[in-house]
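In order of appearance the chains are A, B and C, and numbering begins at 1 in each one.
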Amino acid sequence: MIRTDDARGQILRSIRESLAASVPLDAMAHAPRRHSTHVPPGPSLQAPDLVPRFTEQLSAVGAQWTLVRGEVEAARALRRILSDAGAKRVAGSDAPLVARLLPERLTDLSRDELFICDAGVTTAQWGIAETGTLVLESARERSRLASLVPPMHVALLSTSRICASLADALARVDVASHAVTLITGPSRTSDIELTLVVGVHGPQVVHILLLEEEAQ
Amino acid sequence: MRVSLFVTCLADQIWPSAAIGAVRVLRRVGCSVEFDDRQTCCGQPAFNTGYRAEARALARRFIEIFEAADADAIVSPSGSCTAMVHHYHDLFEDVAWRARAKAVAERTYELSTFLVNRLGVADVGASFAGRLTWHDACHGLRDLGLKSEPRRLLRHVRGAELVELPNAESCCGFGGTFSVKHPEISVAMLDEKVEAIEAAGVDAVVSGDASCLMQIGGRLSRRGSSVRALHLADVLASTA
Amino acid sequence: MTFEGGVRAALADVQLRGALRQATTLFGDRRGTALASVPDWEGARERARAIKDETLLHLDRYLEQFTSSAERAGARMHWARDAGEACEIIGRIGEVLGARTVVKSKSMATEEIHLNAALARRGIEPIETDLGEYIIQLAGETPSHIVVPAIHKTKAQIAALFAEKLGIAPTDDAAALTAAARQALRRRFAEADIGISGVNFAVAETGTILILENEGNARLTTSLPRTHIALMGIEKVIPRFADLEVFLQLLPRSGTGQVLTAYQSLLTGVKRRPEDEGPDELHIVLLDNGRSRMLASPVTRQSLACIRCGACLNACPVYRQIGGHAYDSVYPGPIGAILTPQLIGIERAAHLPYASSLCGACRDVCPVKIDIPALLLHLRAQVIEQRAGKSRLLERVAFRCYAAVMARPRLYEWTMRVARILRIVPPLPAWTKWRDLRPLAPRSFREEWRVGLRDEGVS
């Protein structure tokens, strides 16, 4: 039987003993790094710069993107993106926006059914301009598998949800989500002779449909 | 400026022109140079191989000899030996010895740092006709931050053309006893350096450490190359 | 195979040397370019090291905090003192669940504890899903690089391997080979009972574990099977959620020259509602296996700052020539040379600290500023003090003589003069096989000094 209580106690004891043994040696060594762990605020992007910076980074990381205004345009663009890719079986997350834009998407799929889908459509809770990254939070939407299993992922993102930097995004995510996923471009590998191959276990194509709010 | 020369055992016995050259250059720029012949070895070979007790004993000797030196600076024609002295305090647990080690280290300079940073001199009145390239010896580069100083000095040598190696900062493979404990790896590393030197079409490769020069020069001559291996002080002392 | 044997084999392997040269150069170049996009790279390194130092100095506290936070979020925590205990814990979880297959994403810690063999002994089939690890597993080999485990294999070798094991037509198209691996693994993901992953960072404040990857296999491993087991060294914990940012700035750039890898999964406990996606159970196994001992001095403690980026491998001129297998150690390269002796004991790894020319290139590129050369020197001193490894009798005698001579300047001068007169050349075939040996100068510096240099140009 594994006495994990013993293991916990022993490991913590071993740590404390080692740290205690280190005290005189630390005193003798060079002064410990007294660098502040505070992150200095970097140059922040201004709001009007966020979208162009975001889309520039998306292209740099091999993601595709389309900018639309309003849901009518978005629905049209979404259908076109999917038909251009020849995607017939399209899985959708449980986001109301996805239901509105693509009523014919497939939901409540079994595992096997999901694995034969051509595309998955979800929203993203945040975008990160500095890196061209999407942030998906499991507390807000069931998008984990639809954004991963099919070979194409289309992500709907409102331009108002683009934040400037990784630090900003980390400050905003809700850790009540049991899974927060950051996605930067399609899946990739260089494991074979350092040759870049796009599309491994995750999607091969990531397309971000950026929604600008319609003026009220 | 009064200088006490830290000759290094390698220069003393195998590459004396480096130390002789250093003395002449230092005098040329206005320093007086003394040599305390009680010095022997800084202990680096022992320290690097793990023989700390032996290294500590030699460190104590060095500190005792040089802290008594009636000089403004202790100058050495070797980056690695200078770096060793700068690490002496790590050898001692005793607070007093650590302080003495640090005090001596503060006054100990590698030649090019001394000339460029301490004396503010880049032109030492040297002449040397030929295409040269510089090899950044590891300890000098990474422990002492030696990078621009030797290049500045070489660029002021009349008649010398300095070309940059694509892998100037790569280790030549000497590494002390590494060169004979793992000779095949040492030579594999060395050949990348030597191939770059040969491709650079130079008359000589120059460095600030006789150990690297032994390694590189030994392979160049074995390969039948006409490229010479010269110490920085060989070039700077040259008025040909 | 001995280290010397491994080295000789590696140096004789022309294809391997070409692959290593290409890989290390490419990653080095990419890292250089990627640094430029961080306004204060040195500041980021300092910050990251400070966070690691702070954590390690209070590791017990942060581990306890991490444990409570993770448990509050629904994770089951396990503590493993050593490799055997970790394998036992994981194996029993598998047994209790009646698991037949397990999918694994890349984890050096699982290599360290030899998990795959332990699972196989229990009749549980472990399936590597990272492409490089999958290739290695099919070939029955071990990884040769922390980030690109199959760097030593050519496309042709992989094609032949896949033709044999997967029954595909031989092709030298990397995309086709990748597609074949993807195809073969899809079903394994879908059917696996358990997903096993490593952990890049574990946040004490929230109980979150962070996993970085490019392929998507870690996401599949940690979201499809009903049970997820995450194995982490105890040094992976960091204090605050916000601390992740600086490590995410440093790790992808240092390892592969990417600004960010394609995916980061931040996993905090298990799903809150049954209808949510993801595993029902999350087990986090905290692994000591020698790490707690390393806390006992500042010089060894810094080994635990390592974030497993692989930058030191790419910068090391020794690794560049011989690759990972020659080290014959789970962790190769500079980090391996300092970690392995501390994990498995200096007696069994006495040669590793000497597999270096002490050039310091590793220290320059380490994102958390580990002074690897200082650690190598510390371990060498330990080898000599404890008389670990092979007999060094001749070497000891030589250094005693050297010390005795160098302590006596007249004896030193006399010895060298005799050697000079008698033209004594030490037999050093290890040198002279490849390099000419520069002889003793006809006159030493001190002789020159005495016969004229002392008074030259001095009025």
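We take it that a residue touches a chain if its C-beta (ideal position, glycine included) is under 8 Å from a C-beta of that chain, and two chains touch if they have at least 3 such contacts.
Everything numeric in this text was worked out from a predicted model, so none of it was measured.
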With centres defined by CA atoms only, which chain is the most remote from chain B?
A
Centre of all protein Cα atoms: which chain's centre is nearest to it?
C
Please state which pair of chains has more C-beta contact pairs than any other pair.
A-C
In whole angstrom, what separates the CA-based centres of chain B and chain C?
32
So, what's the distance in Å between the C-alpha centres of chain C and chain A?
27
Cα centre of chain A to Cα centre of chain B, whole Å, reads 52
Of all residues in chain B, which are in touch with two or more distinct other chains?
none
For chain A, write out the residues touching at least two other chains, lowest number first.
none
Please output the residues of chain C touching chain A within their complex, sorted ascending.
19, 22-23, 26, 39-40, 43, 46-47, 49-51, 53-54, 57, 59-60, 63-64, 73-74, 78-81, 85, 88-89, 92, 129-132, 135, 148-151, 153-155, 158, 174-175, 177-179, 181-182, 185-186, 189-190, 206, 208, 214-217, 219-220, 223-224, 234, 241-246, 248-249, 256, 259-272, 275-278, 286, 288, 292-299, 301
Chain C residues within the chain B interface of the complex
7-8, 11, 17, 317-318, 320-322, 353-361, 363-364, 374, 377, 380-385, 395, 399-400, 402-403, 405-407, 409, 412, 416, 428, 430-431, 433-441, 443-446, 448-449, 453-454, 456-458
Seen from chain B, its contact residues with chain C in the complex are 7, 9, 11-17, 19-20, 23-24, 27, 32, 35, 37-41, 43, 45-52, 54, 57-58, 61, 90, 138-139, 142-143, 169-171, 173-190, 192, 214-215, 217-219, 221-222
Counting only contacts in the complex, chain A reaches chain C at residues 2, 4, 7-8, 10-12, 14-19, 21-22, 25-26, 29, 32-37, 39-40, 42-43, 61, 111-112, 115, 131, 133, 138-139, 142, 144-145, 148-149, 166-167, 170-171, 173, 175-195, 197, 199-203
